[in-house]
Structure formats: structure tokens, C-alpha cells
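We call the chains A, B, C, D, E, F, G, H, I and J, going by the order they appear; numbering starts again at 1 in every chain.
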Amino acid sequence: MITHRQQVTDMIISAKVLKSIKWTDVAKEIGLSKEWVTAACLGQMAFNKEQSEKIGQIFDLSDEAVAWLQIVPYKGSLPTSVPIDPLIYRWYEVVNVYGSTIKELIHEEFGDGIMSAIDFSMDIQREENPNGDRVNVVLSGKFLPYKTY
Amino acid sequence: MITHRQQVTDMIISAKVLKSIKWTDVAKEIGLSKEWVTAACLGQMAFNKEQSEKIGQIFDLSDEAVAWLQIVPYKGSLPTSVPIDPLIYRWYEVVNVYGSTIKELIHEEFGDGIMSAIDFSMDIQREENPNGDRVNVVLSGKFLPYKTY
Amino acid sequence: MITHRQQVTDMIISAKVLKSIKWTDVAKEIGLSKEWVTAACLGQMAFNKEQSEKIGQIFDLSDEAVAWLQIVPYKGSLPTSVPIDPLIYRWYEVVNVYGSTIKELIHEEFGDGIMSAIDFSMDIQREENPNGDRVNVVLSGKFLPYKTY
Amino acid sequence: MITHRQQVTDMIISAKVLKSIKWTDVAKEIGLSKEWVTAACLGQMAFNKEQSEKIGQIFDLSDEAVAWLQIVPYKGSLPTSVPIDPLIYRWYEVVNVYGSTIKELIHEEFGDGIMSAIDFSMDIQREENPNGDRVNVVLSGKFLPYKTY
Amino acid sequence: MITHRQQVTDMIISAKVLKSIKWTDVAKEIGLSKEWVTAACLGQMAFNKEQSEKIGQIFDLSDEAVAWLQIVPYKGSLPTSVPIDPLIYRWYEVVNVYGSTIKELIHEEFGDGIMSAIDFSMDIQREENPNGDRVNVVLSGKFLPYKTY
Amino acid sequence: MITHRQQVTDMIISAKVLKSIKWTDVAKEIGLSKEWVTAACLGQMAFNKEQSEKIGQIFDLSDEAVAWLQIVPYKGSLPTSVPIDPLIYRWYEVVNVYGSTIKELIHEEFGDGIMSAIDFSMDIQREENPNGDRVNVVLSGKFLPYKTY
Amino acid sequence: MITHRQQVTDMIISAKVLKSIKWTDVAKEIGLSKEWVTAACLGQMAFNKEQSEKIGQIFDLSDEAVAWLQIVPYKGSLPTSVPIDPLIYRWYEVVNVYGSTIKELIHEEFGDGIMSAIDFSMDIQREENPNGDRVNVVLSGKFLPYKTY
Amino acid sequence: MITHRQQVTDMIISAKVLKSIKWTDVAKEIGLSKEWVTAACLGQMAFNKEQSEKIGQIFDLSDEAVAWLQIVPYKGSLPTSVPIDPLIYRWYEVVNVYGSTIKELIHEEFGDGIMSAIDFSMDIQREENPNGDRVNVVLSGKFLPYKTY
Amino acid sequence: MITHRQQVTDMIISAKVLKSIKWTDVAKEIGLSKEWVTAACLGQMAFNKEQSEKIGQIFDLSDEAVAWLQIVPYKGSLPTSVPIDPLIYRWYEVVNVYGSTIKELIHEEFGDGIMSAIDFSMDIQREENPNGDRVNVVLSGKFLPYKTY
Amino acid sequence: MITHRQQVTDMIISAKVLKSIKWTDVAKEIGLSKEWVTAACLGQMAFNKEQSEKIGQIFDLSDEAVAWLQIVPYKGSLPTSVPIDPLIYRWYEVVNVYGSTIKELIHEEFGDGIMSAIDFSMDIQREENPNGDRVNVVLSGKFLPYKTY
């Protein structure tokens, strides 16, 4: 009996390790970006029926698991409120060190409001560099203004 | 007597509001990106002597305050470990929802290691869009591999 | 020297108590809802220039304070992450008891996405009732869908 | 052996996903609002005997599970004190940003006291809107005054 | 300039120590229970105009402070979420050790609902006892039932 | 194999739901107050041999479980340091709102010391009232003075 | 204006450093143990009138400060719930490592109950030892049994 | 498969309850103090080979469990950073109320340094007393000075 | 089914205890430092294919477990954010007591930047000493400067 | 009036910035290592009388401040339990990632016990390296064994 989406994520991860599946290949099968597809496999997005069935084939999931892939999950992928894994912590550090800067510059350009994390996309790329390759990440979020009422 | 860098940040903020100074103008005076200069004004980076003096003139700072601008600060710009301001929270949310995705995709591309938050730059731009303008942010960090020893 | 928006909020609160000003009267002067105007006075929204000057007259604020009213504040009006004031705690309790219900019902009706807290308005009214008057609150937020990319 | 109400909630959720049951249909069967019925299914309210038996039929529950549905549960539906799911977080954000405003306006209208979260109801509706549909939520709680003694 | 009710509480406490005032005497002057009056002096309840003026005379408060006594305060009298003072901790311990018992017995007698902390009174008395005097406390709170809707 | 007292509490709770046992009836069988007996069943007090055997009969417990009932438990019945169940939270709220008042009034009457939570008893009663029945709770704790040494 | 006992503790500490006063000498003047007297000076116990006046003379305190010494303080001498000073942390570590042992052995000897921290005394002595002198501390607390009722 | 020392502690506790074994008797068999032996059984110290085998016989442990008894455990016997069991809490309270006193008096006698929690022993004894027996505990720890370098 | 790297770590630890394997011997087999190999076995580093197979032979792991050893783990080896085991706590204490010193001295020597924890190695050695042997640890991390951009 | 050692640390830091003093020069004047002297200036160690006076001359401190330098401070140099400054965080990360490794290897070499953080020294050096200079830190702490008693 599956009672939490995390159980399906565990099945996906287990199959991925055993079968040496790559996220970029899964994304190509689904026909969407590697960022969205990986997030969905890791329990942060909901697949539609057709996508779920493809994922089920790739990772050998039961029908019950495939049904769960179409349910909107309780989102959040980190076990602690301050992440401790060094790679993820660096992102938390960026928010901590640059948080007030980001706030100032977006308000200076756009006024009061936020950069949406829902109408949002992310693209992660390798940039070759003689001093050591770099990870380049583009975040794109719609600006949503606060309005008076 | 100034005993913490925060006091200088407070002076800068206070002068900024009173004199309606813009961060992008400050950055042009200094000749560096708006992201780095704003972060430095907000107490996250250290200025060199020449830069400090220019900042002192722009914000009418005392010599003691200018001396403090050259001291490496205790970094971190957020008052709580989980930020509560809605704009900054959205960034925390991105780390929370996409954290495991970012980790998976960087490891898939680069192997074990991290994306540096030190050898790092950020660029925030407005992208015009008929459905509502977007905030586009490019993060660029050197990949640092874990090695065996 | 004013260095944080909270100082201006303190001035407003202090003047309000001394002069027995009512929020609903302030809202009428500004010509907007009592909910938005009170939130703005309490440091959660930014006033424009004209509104700020009216607020300055009502609460006898200095020019520096009036300048601060136009700055986008670091939002968040509660001193602790779990509120302890009994009235505000009841709202936190509603989120805690009904949180999963709200999530289920919005997803059932709209699919994956959120109810915006930015493109959002609130209206608080007294409902007369022979068993004891009731507080009726209408929350209205735009639905923002997660999309694939 | 069932030792916690959460186990029954898990059974209900699992059956719901497998059988594609909708909360609004469950509510119609029970003859009460979708908000109360969903909250009760999710372990926040107690059903009476007759309601429990209907719920048991809908979700194929054992007699033991049906008995548990009539027990007053330990309420609270969120896994962390600050919710991390984006949809539920937006509600927490509303309490955080508007908390002091709500407090001020209720006290201005009613004097010292609270808006009850017990003698309370909630109604969630879709409001069609050319700029994007909205989620409208009406919260209604009895005002309970503090009295001297 | 008074900006928080705590400042008035501080004035009351300071005067109380200097002038050796007793809470029971203050309560007699006001004509209400010692429990309510002490709580109000400590910033947990709002006085009416007449009561505030009497309190102002007793503790030599300024007019501004007297005005603040009539404002509904942000309630909560403890500096930490788990109290550390031994006397107050014992009460927290009672809630911790007997919390589930209280819940079970009230639900067994009344069904689902709560014991109100708003429509509530408290009476603290010394009970003489040859084995050592006892503190007897009577808590009385209206039962508020959860109802279906 | 039973390794924690909580397992026995789970068995008792499970049997109670299945067999619709009432705590007041259990208390009558044991011949002690409903408050103490419920607390003991819920793992907060230790039964003696004879009491344990009666409890074992009432709830159909194994010999091993009966042996555990005589072991002093690790006390504390709440899953979080700030309780989230609305009924139990109201008690926490009373400690929070009235904590400083209780401290002041006990010290005014008795001097420095505490009200014991060990040499302590509690009695919960329904008080009929035309405006809605009330929960009346009497707490009685020995006063323990701090002494010099 | 003194509004918290901590201010008096600060005055005592400041005078102690300036005048190189020793706690053991203060204790001799008062005629009580160095442990109790130091705790009282540090704001954990209340002095009587005569003792307060002596303390006032030793540390050159104002009459207002002397009045405060007779008020029962809000106890607790540590700034964080897990102490970080290495000397005090070692005591916390003892509670952590030996906590379950202490509980088991006291219950084995005395049955259910606690060792009082109110009817309690402490004696700290140097024990000379060729391998390095030792700190010997004797804690003595009355056993308080839980009783049935 | 045993993967954590806690599993062995659980086996020991389970056998102890079933067979009514006393810690003082275990200590006599091992030939060491009841404090050290109990702490070791509870997973805070490592036994040597001979001691482990005796413990294995007393509690009927498997060879794998006996092997685990010789592994240095991850120490710490409390489930929360602030203990909630009343008996153990009283010890935390002593550290909280007397912490600064202990620090002052050890530094006054010994200078800068700590009382070791490693080169440490503890002895718990019953002291008969007509006013109620007392728990006497002697803590002995080597003083370790901080030195300059 | 293996779903988390921790399960493999548990298998390794269990085999290590049963077969009395030493980390230094494992390191010799792998041909790398004992610090890196132990960290990798404990789930903090990823092995390559050849290393994983050797580890699998040493600890009798299944093929699935061996596959997991090559996956980059979610790093972090401590169960709580402030470690409670006395040995590990001493390291946390060093960071706490010397943290600001380390920061000052590295900045004085190198300017703004950090000491890398990725391009990092550690070497733990016994230093014989007539006053008691010492643990000597050499930490070596590349200095990474913050640069302007 | 100085009431906390932190005030003296603030004076030292303020003078250091204004007069561009280097820690290594201060250490040479005192004749001890730069690590110990910096830690002592930052309020983590106590100076003796002669050292304090030299420090007083270097930083122009008052006699009262010099007296405070000889008082054993409440140690701990970080504002939060998990440090957020990137340089100091890397050290916390090392403890987190390598904590269990350090524990395993010290126990394997020395048996049960700890590496002292009191009988401890630290030496920070620059190591020139063509791939970028490195920070080398040697930590040396006496091994303190747990013994049976």
C-alpha cells in the first residue's frame, strides 16, 4: 500500500541506481527539460497520465505507483530547514549572502513585488573555462507586483 | 565608536533613503557590477581603499566608517534562518523545491563536487514579456570537484 | 537617523495611541481599503509619494520618515515563527488544522499550482448574529499554475 | 493493529489515489461541506457513527478503521511548524504579512478578544476572472471577547 | 515616546518594586480579581479608561502610558517558548505530562471541542495543610464544541 | 519484543478504540481518580503489580506488557515542544498569557519557591451553565520554598 | 529606572571586576554558603532585607537596586538552551550522557518520583590529587515521590 | 542485522523488564560502580571483551549484540536537547539556575579551565533524613586548565 | 530494495563489527588515506567502480549495494545540528571558541575569501607525549578568494 | 560602566580598525602565538595582569577594560548555533561531513575517549602552492580516555 509520494520517489531512485539511468535520458523520453522532469521524478511536480505511464515503463513501476505520479505532491525536497549537503548548502549560502542584494535590485528595477517561484523555469549548463569549468544556471521568474486595493 | 559593520550598513541605508540614491548609479561610479557593489554596501563584501573612499563620498560617511568598509565582514544578510520576506522566501523555496534536482543534475554532468559560491557571480536582468515582464538571473559558479587523497 | 522601517512603524503606532486615530479613518483619507492601508502603516506595503505625505500629516511624521514610507520594506509582522498572541495564533491554527484540506481542495479544483499571496486581497467584516457576532474574512488570490517547461 | 489516527488517514489517501475518488463527491455522499468532510478524512475532525460507516464503504476500510474515525484526533495536519509546501506556505505568509493588520482591525471593530477557530467555517470557491481565475475563500469565526472577572 | 506596551509594563514593575505595592491591593482598588488585574498590569489584558486612570495614579504613570493601558496588547508573557523559570516551568510540565490526559477526559465528557482560554477565569488560593501549605488553582473555561457544517 | 513503554500505550489505545472502553470506567475498576489512571495508561505514571494486572485484563495485554506497566516511564505526552492540537494548545496559551501573573501572585502569597508538579493532583469536572457548559479544573500542588543554605 | 533584575546583576558584576571582590568573601559577610550567595548575586535567588543591604554596601548599589535584590527573580542564568561556554557545557554533557543512568538508578532505589531542585543544596570543593587536582561537587536534593490519588 | 548500538540497548532494556533484573546486581557481577555499568548498558560507555560476555549472559544477548557492546557508541542518552522527563529536567534546571554560579566559583578557585566530563566519576546515594530521604550525588571531575601557547 | 545510501552504510557498519575489520586496513586495500576511505564508507564520498567492488568484497555487500557506493551521497554525518557525542562536540566547540579567531587570521593573511572544504584533506596522527599522547590533526584547504566582478 | 566582556571586545575591534593594527603584531608584543592572542582579544581566553596592560596600551583601553581582560569570559564567538559566515561555515561543514570519520579513526587508534579542546593548540599557516596557496591548520589536543570506575 502506497501512502506517501516519497515511497514512489524511493522506487524511482532505487531503479535508477540499479539500472544506471540518466536524468537527461529520462527528460528526452518525456520531451521536456531535464530540470522539470528530474524535479517531477523527485516528487516536486505532478506528471500527467501519459507522462506517468512513460515514467512507469522507464523505472518499472506498479500501476499504483503510476497513479501516485499524477497526484500533486506535498513539495519540499530537503530533510532540514538549513540544508547540510555541501552542494545544496552553497545555494542556501547564496540566498543568505545575496538575499538583501537581490531584494534591493529587484525592487529598484520593478518596484514592490516578487519574482515568482511558480511561473518559473531553471536551466543548468556547463560552461567550459580554461580555469576550470563553471556551472551556469539561469533562473527565470515572472515579476508579480503588489497592488493597492 | 563603530564596533560592527552593521552600523556602517545602517548609515548607508539611511543616506540612500534620504538622498534617493540608486544602487545602479553607485555601481557605475565604482565601475563594477550592480550585484557586487550592492552586496558590498550591504555588508557582504569588502571594498578596497579607493572604492571605500568613493562610497564614503556618495553616502557622506565618516573616516571611521570608510575604514570599516575595508574590513572583511561577518557575512550573512538575513535576520532568520528561514527568510520571511516574500521576495527572499521565493528564493529559499526554489532551493527547497529544486534542491535535490540541482544536486542530481550537477552530479550527473560533473561528478562529485560543488558549484562554488565564492568563485561566483550573479547577474539580474529584466526580460520584457507580453505576459508580464520577467526577472532573469544568471548564476555562474566554478565547479569544484571532490578528489580522493 | 532612521535606519529601519520599524522605527517609522513605531512612530505611527505611538502617534496613533496618543491621538486616538482609527485605521478606518486613515483608510478613508487615503481612499483605499482599510486592510491594505493598515498593512502599509504597519510596514508591510510601500506607499507612493502622495499617500506618504498624507500619512505624514495624519501621524505628524518627519520628512525622513515620510521618505521611508516609500521604500519597499522587509516584510513580516510577527515576532516569532509560531505566533503567540491568541488572536493571531487562531489564524496559524487554521493553517495548521486546515492546511492539508486547503491544499487538497484547491488542487482538486485547479490542478497543481498555488493561490497567490501577492495578487491578493483581504476583506474583514462584522457579521451580526444573534448567537454572537462573527468575524467574516474574504481572502481572494489569483490561482497561479505550475507549468511544464 | 491501528494505534494512531494517521494510519487511517494513510488508508484513505491510498484508496483515494487508487480509485480516483474526489473529495467533493465524498462530501456529497456525507451531505456536508467539502471543507469539513475533507478535513475530517484527513484526520482533523471526528465523524459520527453513521458518517464513519459511509466513509468506510467509500474507501473500503476495516471495522477497526471505522471505529477510529469516531475518535477525536490529535489535530494538526502539517509536518513542520513553518510549512514548506508552496501552496500552504502562501497561507502562512498571509498570516505573517497581514497578522498584525488582522489583529488591529478586529480589535478596532470588536475590542479585545479573538476570532474563534472552533466555532468556525471555511468556504473555498473558484471565481472566474478574465485575468486568470481566482481562489476565493471565506472564513467565518465567532468573535469571542475577553471579559474582566 | 512609547512604542510598545512592554515599556509601560516596565514602568509599572519599576514603580511596584520602589514603592512596595502589592498586586492584591491594586486589585482591590480596581474592584476585580487579583488574577485579571495582575495579568492586565503585566500587559496581557486591556484596561478601560477609568481603570487605566486608577492604575496611572497607583503607579505614577504619564498620560501617554495611561493611554497605552487601554490598547489591546500583543499578548504572551514568556521570553522563551519553553519557559525556564522553575515556577513557570512546572506549569509547562503539567501540560506536558498531563496534556494527553486532559484531552482524553474532556473529549470523553464533552465530545470534540476545546476548553476556551478566552471565556476563561483563574483563581489562585492558599490551602493550609499540616504537611505543608498547597497552592490551589481553579481554572474555568467554557467548552466550545466543533460542529459540522 | 517490547522495548519502549510507548508500545504498551499504543496497545492500550488500540484496544480502547476497538472495545469502546471509557477512561472513567477504567478508573472505577482501579479505584483511583480518572486523572491519575488515564495519565498512567497513557504512559505518564507507573502502576503497581495489582493495578497492572487489572489493566492487563481490561485491555487484553500480554504478560510482557503488564510487566512494562510497572516500570517508571520516560514522561512527557506531547509530540512537539509547542503543542499543536487546539485543545492542548489552549493550555499552553494559558501558561503563556498568565505565566508571569501566576509567578507574581504565588510569590506575593508564599515567597520564593514553586508549586510542585509532583506532589500534585488534578480534578476535571463539567460545570453546567445556561450560557454553555464549562470545564472546571482544580490543580493542587504543594508549595515548596527555596531556602538559604 | 531599573526594570529588570538583570540590570542589578550587571551592576554587581561590574563592581566585582573593578574592585576585585571575591565571591567567597561576599559569602562570609552574608554568613551563608558561597554557592547560594553567588547564585543570589547572579540573579537566581532572592535576598532578604538585611542581606540585601549588606550586598548593597559591598557592591555600592543604589537603594533602588537594593530593593530589587529582595524581589524573586525570573530564574535561569544561561543565554541559550544548550550552553556554549565549555565549562558549563561539560555539565550539560553530563546530563546528556548520564541522564538515563541517573533516572534508572534513582527509580531503582526510590521508585517513581524526582530529586528536588528546590529543596536542594550544592557544595563545590577542590580535591588535591597528585595527577591533577579535581573539582568535587556534592548535590543534595530531597526525593519527592509521585503518589496515586 | 544490528546496525546501531541503540538496538542492543533496546534488547537489554527489554530483557531487564521481563526478568526483573536490577542494575545494582549487574554492577556487582561486573565488579564496577553501578553508575558506570548502567551507563554502559544504556549505550554510553564501551565494555571490554570479558565484561561484554558477562553482560551477554545476564541479558541473553546474541554474539552479534555482544560484539556491539565493545564498540565505542555515539553517546548521548536523551531524545531532546531540553529533556522533558521531570526527573531529568530537574538536572537540566540545576545547570540552568546554577550554571553561572558553578562557572564563577570554579574559576575563582582554579582559574580558567574546565571540570572534565571524561576524567569523571559520579556516585549516587540515598541519605536518610527524618524530613524525607534525600538523593546525594557526588560528581568528581579533574580540573583541566586552559594554558597559553 | 535499497532507497537511501544510509542503508549501505548500515550494512558496512554491521559487517565491520561482526568481522572486526579496521578502517586502516580497508584504506590500505583501497590504496588511499584512511580519512578519505572511512568518510566514503560512512556515506560522505563516492567510490569509483573498482573501489566499490573492493569495498563490496571486504564487507560482503550485494551488487545493489555496490552500485549505491558509486552514487554521490547526500552528505552530512551527524544526527543533530549541534552534535552531542562528546568527541565530536569538542570539534564543534573548537569552531565555536576559535571561529572568529580563524576568520580574523585567515583574512589577515589572505584577504577576503574562504578555506575550501572541498579541495581539502585531513590527516589524523598520534603524537607520543610523556604527559599523555596527543591527537594531531592537519587540515589543508585551498584558499579561495572572493573577487570583484 | 562595563558589564559584559563583549563591550571590551568591541573596543578592541574598533581601535584595531581605526589604527590598522595587525593581530600578528599584537601577538609578537605579547610573546605568544597569534592564535591564542587573537582568541584572547576576541573574548575567548583570559589575559594575566601584565598581558592585559600591554593589550590596554596597544588598543588605548581604560583601566576598567584592562581589569575585564583578566576575567575568565563566557566563551563562544559565534552568533548562531550553525554559523552563517561562509569562512566559518566551511569549518562547521568539515565537522558535519567528517565528524563520524574523526570519531571512528580516533577510537580505532586510541580507544574510547576524546581529543581535548582545552589542552589544545592550533597553528594556522600559509602553504605556497602553484595551483593556489593553501591554508594549513594543525590542531593538537591531548587524548583523554574514558576509564571505568
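Everything below uses one rule, namely that contacts are C-beta pairs under 8 Å (C-beta built on N, C-alpha and C of every residue); 3 or more make two chains touch, one makes a residue touch a chain.
These numbers come from a predicted model, not from an experiment.
Participant: Identify the chains adjacent to both chain F and chain I in the sense defined at the top.
Facilitator: Output, common partners of chain F and chain I: G, H.
Participant: Looking at I-J and F-H, which one has the bigger number of contacting C-beta pairs?
Facilitator: If we tally the contacting C-beta pairs, I-J comes out ahead.
Participant: Let me have the rounded angstrom distance from the C-alpha centre of chain C over to the C-alpha centre of chain J, please.
Facilitator: The separation of the two C-alpha centroids amounts to 46 Å.
Participant: Just give me the whole-number Å value for how far the CA centre of chain B lies from that of chain I.
Facilitator: 31
Participant: Rounded to a whole Å, what is the gap between the Cα centroids of chain A and chain I?
Facilitator: That gives a centre separation of 29 Å.
Participant: List, in ascending order, every residue of chain G touching at least 2 other chains.
Facilitator: Where chain G meets two or more other chains at a single residue, that happens at 35, 74-76, 81-82, 84-86, 93, 96-97, 103, 107, 113-114, 116-118, 144.
Participant: Of all possible chain pairs, which ones touch?
Facilitator: A-B, A-C, A-D, A-I, A-J, B-C, B-D, B-I, B-J, C-D, C-E, C-F, D-E, D-F, E-F, E-G, E-H, F-G, F-H, G-H, G-I, G-J, H-I, H-J, I-J
Participant: List the residues on chain D that touch chain F in their complex, please.
Facilitator: On the chain D side, the touching residues are 1-4, 64, 67-68, 71, 74-76, 81, 117-118.
Participant: Spell out the residues on chain E that touch chain H in their complex, using ranges where they run on.
Facilitator: 82, 84, 86, 89, 93, 96-97
Participant: For the complex, give me every residue of chain E touching chain F.
Facilitator: Interface residues on chain E, with respect to chain F: 22-24, 34-35, 38-39, 42, 44, 75-78, 81-83, 85-88, 90-110, 113-117, 120, 122, 124, 126-127, 129, 131-144.
Participant: For the complex, which residues does chain H have touching chain J?
Facilitator: Spelled out, the residues of chain H in touch with chain J are 32-33, 35-36, 45-46, 72, 74, 103, 107, 111-114, 116, 118-119, 121, 144-149.
Participant: Which bits of chain H are touching chain F when the two form their complex?
Facilitator: 10-11, 13-14, 17-18, 20, 79-80, 82, 84-86
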